[in-house]
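Which chain is which? They are A, B, C and D, in the order written, and residues in each are numbered from 1.
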Amino acid sequence: MNNLLNKIINDTKIYANQGEVATYIPELSKMNKNISGIVVVDMENNIYSAGDTNIKFTIQSMSNIVTLILALMDHGEKVFDKVGKEPSGDPFNSLKRLTNINTHKPFNPMINAGSITITSMVKANNKEERIERIIKLIKDLSGNKDIEINMDVYNSELKTGDKNRSIAYFLKDKNILEGEVCDVLDTYFKQCSIEINCFDLANIGATLANDGISTISGKRIVPSEYATIAKAFMFTCGMYDDSGEFAVEVGIPAKSGVSGGIFCSVPNKMGIGVLGPSLDKKGNSIVGIEMLKILTNEKKLCIFN
Amino acid sequence: MNNLLNKIINDTKIYANQGEVATYIPELSKMNKNISGIVVVDMENNIYSAGDTNIKFTIQSMSNIVTLILALMDHGEKVFDKVGKEPSGDPFNSLKRLTNINTHKPFNPMINAGSITITSMVKANNKEERIERIIKLIKDLSGNKDIEINMDVYNSELKTGDKNRSIAYFLKDKNILEGEVCDVLDTYFKQCSIEINCFDLANIGATLANDGISTISGKRIVPSEYATIAKAFMFTCGMYDDSGEFAVEVGIPAKSGVSGGIFCSVPNKMGIGVLGPSLDKKGNSIVGIEMLKILTNEKKLCIFN
Amino acid sequence: MNNLLNKIINDTKIYANQGEVATYIPELSKMNKNISGIVVVDMENNIYSAGDTNIKFTIQSMSNIVTLILALMDHGEKVFDKVGKEPSGDPFNSLKRLTNINTHKPFNPMINAGSITITSMVKANNKEERIERIIKLIKDLSGNKDIEINMDVYNSELKTGDKNRSIAYFLKDKNILEGEVCDVLDTYFKQCSIEINCFDLANIGATLANDGISTISGKRIVPSEYATIAKAFMFTCGMYDDSGEFAVEVGIPAKSGVSGGIFCSVPNKMGIGVLGPSLDKKGNSIVGIEMLKILTNEKKLCIFN
Amino acid sequence: MNNLLNKIINDTKIYANQGEVATYIPELSKMNKNISGIVVVDMENNIYSAGDTNIKFTIQSMSNIVTLILALMDHGEKVFDKVGKEPSGDPFNSLKRLTNINTHKPFNPMINAGSITITSMVKANNKEERIERIIKLIKDLSGNKDIEINMDVYNSELKTGDKNRSIAYFLKDKNILEGEVCDVLDTYFKQCSIEINCFDLANIGATLANDGISTISGKRIVPSEYATIAKAFMFTCGMYDDSGEFAVEVGIPAKSGVSGGIFCSVPNKMGIGVLGPSLDKKGNSIVGIEMLKILTNEKKLCIFN
């Protein structure tokens, strides 16, 4: 497997030139678009890796899976009274569908409108406690106790967060978002600024692949049914408005972030974490997708085969 | 004329039951929906009136004409680089078209997205100075030196302004709105909370009908070309998404506010101010429109006849 | 006046290069984009002209005013149960708003969806009779007995009419359009292919400006109230999704066609017909608009002055 | 298994009252909403069944999977130059997204706009040959040589097909649809009118579950890669705009039709065919979904477990 991963790293380097590093958050634009890394963790906790696997980057919208799990643990499926389950076919940060439909209910928990709403549903006495719960679950899912927020990215998010403010006030006006808009967005910007690496992503994916039980500690981190729901949303909505394409061309549950990371959860087989900061037009890692195509094909991971 | 106005007041009272007082701002919902008033001021400054003409109410989006004139005086037609000239066919507070079109440029200066942008273009060193300039122009247009802000309505607007916050942050994100969102909205909420009565509205209409020259003081308040532009926008966009209906059924330049006021400017003939707090579904005064239909018909005011 | 018109023709020739002749109907693309003409007919039937005034061209969507008048004469304002009165802010041949709103009622009688519906409402025993009634009214409005259909353009419309077919079947499915889609579209394509020249357009405009009474024959052609409605729609929706711009910058009732013609109706003053086949992006004659700007400015025709 | 299926039939009968039989095609509205049936075919061609399994009904949009496979066999993945791969979040017969996006490319091959385009891509010398190829593939997939068209339903589709005509002419205008609109729609209406029963549906599902090889004949019917693509689209777009809900709550590849049938393909495990003509608001069989929920739960079929 390590040989395969090394080959994958080498064979996909060239794709980095076809995209660009995210620029809408200044801090993200500092990343080197030519780095790439991949980590695989199987159900026996064997770890395989290649490339730039120790580089830290922010979790961005990959955190949406974490907050969704927390909200489900807090409220059960009542979460879906506020947020739908359907792919939207629109860019993740779009207000278009939200303003076009009569209910104004966010289409799913993966687009910004949905994930901001989900964040507001994570129970806590105050915003400090809310972000602590989110960090705690990421630590448990990844088995890494040193998870923390990158404050430079957080400050960068604060400065460029007007689109998310527009979305949040829209949801507040429609009584979908509860609580103070400023507090909810503070948590949201912080959760997106949590730093992880490819090992963390692979471990998060492995825990979900293993029915919610950590392959490191053997402890149940997530109830089985919510691990299933998390994988379902990763599959249908995890790759922004390219999720359908990814389902056809790759075919495994995956969640992407604009930092260039993707984590995957192949049921009962493995967790995968990849990094490649060069993004395509939909906001997904170009090199990351190419790596996953090869790995999925070689190891016959597609869930429809 | 006074007899006609009294008859109009009596004959249109019954329409008040067909609508409702605006409720989205709690302070507005306190108005009595059965009051109504009408004032006409002609080009020789003759004043005719009937009904509840001394009742004060807030100017709401009728202030958009005032800020448009100020922005035109400050920037000339460069104003239209930021805001379009087309009726949108959508409700005044809609985000729908804004998010659906590629330019994200507000359709016109009368809908909220456009008028918030226009407010941001009124030159001033700070928000205090900006609102002072707006109040000053309303004083000059109406010939009333006692114009001031109703602070209860202002506070009410502040509490329920989330839709406008959503719009403003959207425009900020698209680089259409300049300056601090909070400052611009503070001015916007204040300008909407300025108190006037039917005499003030009729005088504002008369000044614009008289090519921008006050019929009271004889002084030019608005350059001729901007008085024309103001009347054009009143005609095409002044009655929200009922402007086309009003153009066909009444046919004079008019601007409506959700407080139930409407002011009209019949070129070279008269200014008209009406009040009737009961609103139709589009947000226009039901009694007000009925009064204007009779008056326009009796006095052959339609600009196409 | 003739001197002024000659000067206008010369001063606006240069604008032809800024646009393109309509190409979506092959037959229209054969027009020479450098020709231009202007005709003015006043209320005393004085006729002034300059430029290429004898060139024939098809009436295209300028015919929408004619069918609207016929439908009003047949059904009164019940016409508006099927078609609205609001400018849409969208291109004339758009399906966007139609599919986005819940009623699916065409916004106004000037966009294709509305005008196709209006055509279906012109009473007739069969499609031959329907088109004859339309031609008859154009003859009466223009005082020209030699009006006929250009069959080459008609055949060209037939071949390229898929967008209109899509619109018509959509309206049929929503029970807005009655009758056979094929028959209605046959009439619609024929009415658009009726040939006129600048004199005809000026005379149509003059008849409407003169309250519906022909300045040639002195006979009433259109009931006063429907002449007023026609002018109102020309003003609010006559120049496609540039009607708001035209209202602010020119300010007279006008209806445009993609052949490059525009006819105007200045109430109680004059009818104007212009031709200039080079179109801007909205589908209006570039040279035509420039000619109207100068004429309106010189003769103070803007209805808000 | 047969006991389980009988229990499922009994336990889900009550749900029929919560919905209605499709009425938009008169012929469909004649179905009895209280019938229901279920058939399971495993990879060893064992057949289990319960309920009204011999009742024939039309395949409707379940045929979209068949034409997609044919188009892929004819053109490979070039099919996706014309039709996208993303769930749209909109009703299957919507024109909304199509008119709102700049490319006007149908979102996916399962909504009407996409499936009409796919039908036009099935290679044939004429429309008779095209429908024959479609029927032939259904015979091969189901192992049933007696598949034929229900001409009453076909005639009913012809009469009520205006929405599809509108879609097809829209696509023709945008150069997405090739060939004659009438011919393509004739094939489309016919393919929707093909009659099958629950056994046929289960066998089609089993063939796709078995990597494209018939569990009856052992012959390869569909290339492996296209069987995978078919299952991917069933999963992401197979249940109309309820596909995301179904992915979370059931979690197997399935394709629904408005006749009340659903066929499922559980990779390497089984094909399932269900019938229940009572539909929910999205157009899916209410009883069918309830049956699949129980079966999937009991047999742990969810692809994420």
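The rule is simple: contacts are C-beta pairs under 8 Å (C-beta built on N, C-alpha and C of every residue); 3 or more make two chains touch, one makes a residue touch a chain.
Just so we're clear, the structure is a prediction, and the values are computed from it rather than from any experiment.
The minimal number of chain-to-chain contact steps leading from chain B to chain D is 2. Under the touch definition stated at the top, chain B and chain C share no contacting partner at all. The greatest centre-to-centre gap from chain A, using C-alpha centroids, is found for C.
The centroid of the Cα atoms in chain C and the matching centroid in chain D are 47 Å apart.
Chain centres here are Cα means. That of chain A falls 32 Å from that of chain D. Chain A and chain C, compared by their mean Cα positions, are separated by 55 Å.
In chain C, the residues that reach two or more other chains under the touch definition are 96, 100.
Those residues of chain A that touch chain B in the shared complex are 94-96, 98-100, 162-163, 165-170, 172-173, 181. Interface of chain D with chain A (complex): residues 84-90, 96-97, 100, 107-108, 211, 228-229, 231-233, 235-237, 241-245, 247-248, 251, 253, 267-268, 302-305.
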